[in-house]
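Two complexes follow with chain A in common, the first pairing it with chain B and the second with chain C.
Presenting the complex of A and B:
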């Protein structure tokens, strides 16, 4: 199961300049790919394009080829694509359907739309709630939850759809460390089960923890790409508006203070 | 929903003052009392009806065509007894309609409405739009309150003289409307990404309770409304 973007460019409707240029990216089964970049670098746009929402839902002009398992998805309608690719947005409130009365129903909303059999929906919903540690919220009104709880709920709703490919735009933006840990654990479990995941994140520590590969965007183009640890240690990262993970910053600070690199490595490995 | 619809139509068909007033007592006040929402119903329905009720009363009391019995004269403007009587009739209808709509809003869970409409074959999109319309007003009120607080925290004066208040509204209305439009776009995308536009029937997890007695009452209400319309149309009921 591979979601591939080859030579993809995208321009928003009415915009003079393209927001994405010449993107080549493959999301393979069982792989988490991290997406970093400064504000306005094109992270959200790339997420929308990879999930098929741009241009299907918002218009604009797409160039290049997007395929799933080698099949060109250009002619696929959104509802067909949504059976294979799910997308989570940064703001939790807009992800809630507004037509459900309880958290349980909200999580079940996606599988219900896909026509999944009732018993399976119940099983998937319970599992997703349990994975994100929000089972006790099952009977609560989704609109009355905190922002962090709503974000966990939104991600649970995506997990319940059991997508082959999952695209997440800053999924931990509103979460505390415990919520962030629940999400990263859930994503790791989903990848282990065979899904491919693209995660756009400002928090590079999150990417360091779960992503095997990382891509850094700059002005709509891929500026850096490779194994996560290498990309996040790249000296050009700060110039691209991305704050390196805490471990990298500590290492750089220690080196600047004249501490031996082997000692730093041992200390970080111990931590 | 059936009760609200039949009550609203019956209030218009009945006309007069006594008919709609009795209708409000039987079809709005009594069920609200049983549901324990009478206090909220009175507050909400008055809030909903007040602007249109005030304008209807003023227009009819002072500008009723053909009014003869003068109650009050304010220069060229004359309040007449005939205008007052007609205004009270209009008021009774407005109160019946706003009461029926409010009772429906207060006693129906949006999720129940959507699932019940879908169960009866209504497209989920239409059911969604119906529900979203109900949800939009409180969501915008909440957004406006948040933006007002944020603007006040940055020194915006929304209190004091009328002119200051009017000036204070401008930086609030823009973000409320633009924010709502942006939210709609993202919400639409989120729905699409969750398969909402997929053709064919969705799986429904449950169906709202609907006993034979409730179904009989619904049909009874429809039959009573049809009978009322026939009686009025044929002149049997005046």
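Presenting the complex of A and C:
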């Protein structure tokens, strides 16, 4: 199952300039693709377009073609698309339904809307809560959680929908290292089960951990693309407004100080 | 300049009955730079919301210069302690960048050049000069977050509190937050930051307080807190030392917790080996 963007451009309603230009990107089954770039380089827009929310839900002008398994999704009704593609927004406050009273109900909300049978909703909800380590919050009010707990909850809701394609905009921004690890493990498992995942992240350490390929946007265009390890080592990364992973930064600083490769290799081995 | 103190501070949220703070004792002197770290839900945001009176203690006290903060109105506290929230969308409400930044200092009674200087200085520091007339919701997440910072910065409060200031920011945004911390602190004002960004914490904050389950379980310099001896304590609240500290530990470079300290340490051990 492949979600493909071919020659895609997008302009927001009322905007003079396009926010995305000439995007060619394939999200293949079993693959996590990382999306990096400076603020306002087009990451969130690309997420909205790939998830089929722009222009469908927010207006604007789309060029090019978006397809799932070769079939143009343009004419698909929203319910058909939402059975296949799910999106996690940057701010969990935007993501949460605001209509449920408990964490358990909030996670069950997505599969309920997809018409999943009742027993399976319960099973999927329990599993998603467990995967993200928030089972003990089950009876809590979603609006009364910490920022990080809300972020975990929002992602649990997406996992319970078991989407074939998942698009996530900054899923770990508010998480502690343990929460980040739970999310990256969950995404890796979802990909292993056959989903394709697009993750926009400022934290390149997270991309290094889970993405096999990475794309860096600059002013709405793809500036760098390739295997994650190569993209994150590219010397142009910093100029593109992206903070390289800690190990890459340390390596560059050590090289600049004139420390020899062997010692650097020893210091960073296994890191 | 103010001294802040939490004295046996406890907070139970009325809805749900969650005991988010369970006896916090913490004294922060004037002009200190303190980072508060700890796992999601450990009570960090609840603690800082007591400093400016957004939340009132269930038990214990907040003392400002030794006097109980309960006797001060929220409006008065707002002029002393500026809090920047982690999610800018919970903070921003004006129709333009300039109105958003003017709102705080105007409310504090600033007028004329005092107002305009504070506003332009805050816009300059956050890289938002030239964006004055834009609608905050036309800005990307990074710049909205910097706008949230600018609007509090313009109030020139003696204490600046930042909740996850680098989360979701790009390289340029993080560099701006760092320079804001340096300049506010350089002017003798207190900076308190909640953060999961351990590099940011280790490089900018002289003191680090670690929270777990509503209590402060460690409080010391970055070098002390991130020392290998405390690894299990950090792990118990889902944290790990910054990358540099972990490299330093493996290479037996004593108490280096920043990238530059590790590079300097590697350089001197390379020279010693020659």
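Please note the rule applied: the second predicted complex is superposed on the first by the 268 of 271 C-alpha atoms of A that agree within 3 Å, B and C clash if a C-alpha of one lies under 4 Å from a C-alpha of the other, contacts with A are read in each partner's own complex, and residues count from 1 in each chain.
Convention: a contact is a pair of C-beta atoms (placed from the backbone, for glycine too) under 8 Å apart; a residue touches a chain by one contact, two chains touch by 3 or more.
Computed from a prediction, not measured in an experiment: that's the story for all the values here.
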| item | value |
| --- | --- |
| Superposed partners chain B and chain C on chain A - clash or fit | clash |
| Chain B versus chain C as contact partner of A:257, first or second or both or neither | second |
| Partner chain in contact with A:97 - chain B first, chain C second, else both or neither | first |
| First (chain B), second (chain C), both or neither touched by A:111 | first |
| Partner chain(s) touched by A:242 [first = chain B, second = chain C, both, neither] | second |
| Chain B versus chain C as contact partner of A:48, first or second or both or neither | first |
| Touched partner set for A:59, first chain B, second chain C, both or neither | neither |
| First (chain B), second (chain C), both or neither touched by A:146 | second |
| Contacts of A:194 with chain B and chain C, given as first, second, both or neither | neither |
| Touching partner for A:265 - first (chain B), second (chain C), both, neither | neither |
| Doubly contacted residues of chain A, that is, touched by chain B and again by chain C | 91, 93-94 |
| Contact footprint of chain B on chain A as seen in their complex | 48, 51, 53, 56-58, 77-80, 82-83, 85-87, 89, 91, 93-95, 97-102, 105, 108-118, 121-122, 157-158, 161 |
| Residues of chain A touching chain C in the complex | 37-40, 44, 90-91, 93-94, 140-141, 144-149, 151-152, 170, 173-179, 202, 238, 241-243, 246-247, 249-250, 253-254, 257-260, 263-264, 266-268, 270-271 |
| Of chain C, residues touching chain A in the complex | 13, 15-16, 18, 38-41, 45, 86-87, 89-90, 139-143, 164, 167-174, 196, 199, 238-240, 242-244, 246-247, 250-251, 259-260, 262-264, 266-267, 269-270 |
| Contact footprint of chain A on chain B as seen in their complex | 109-112, 114, 127-128, 131-132, 135, 183, 185-205 |
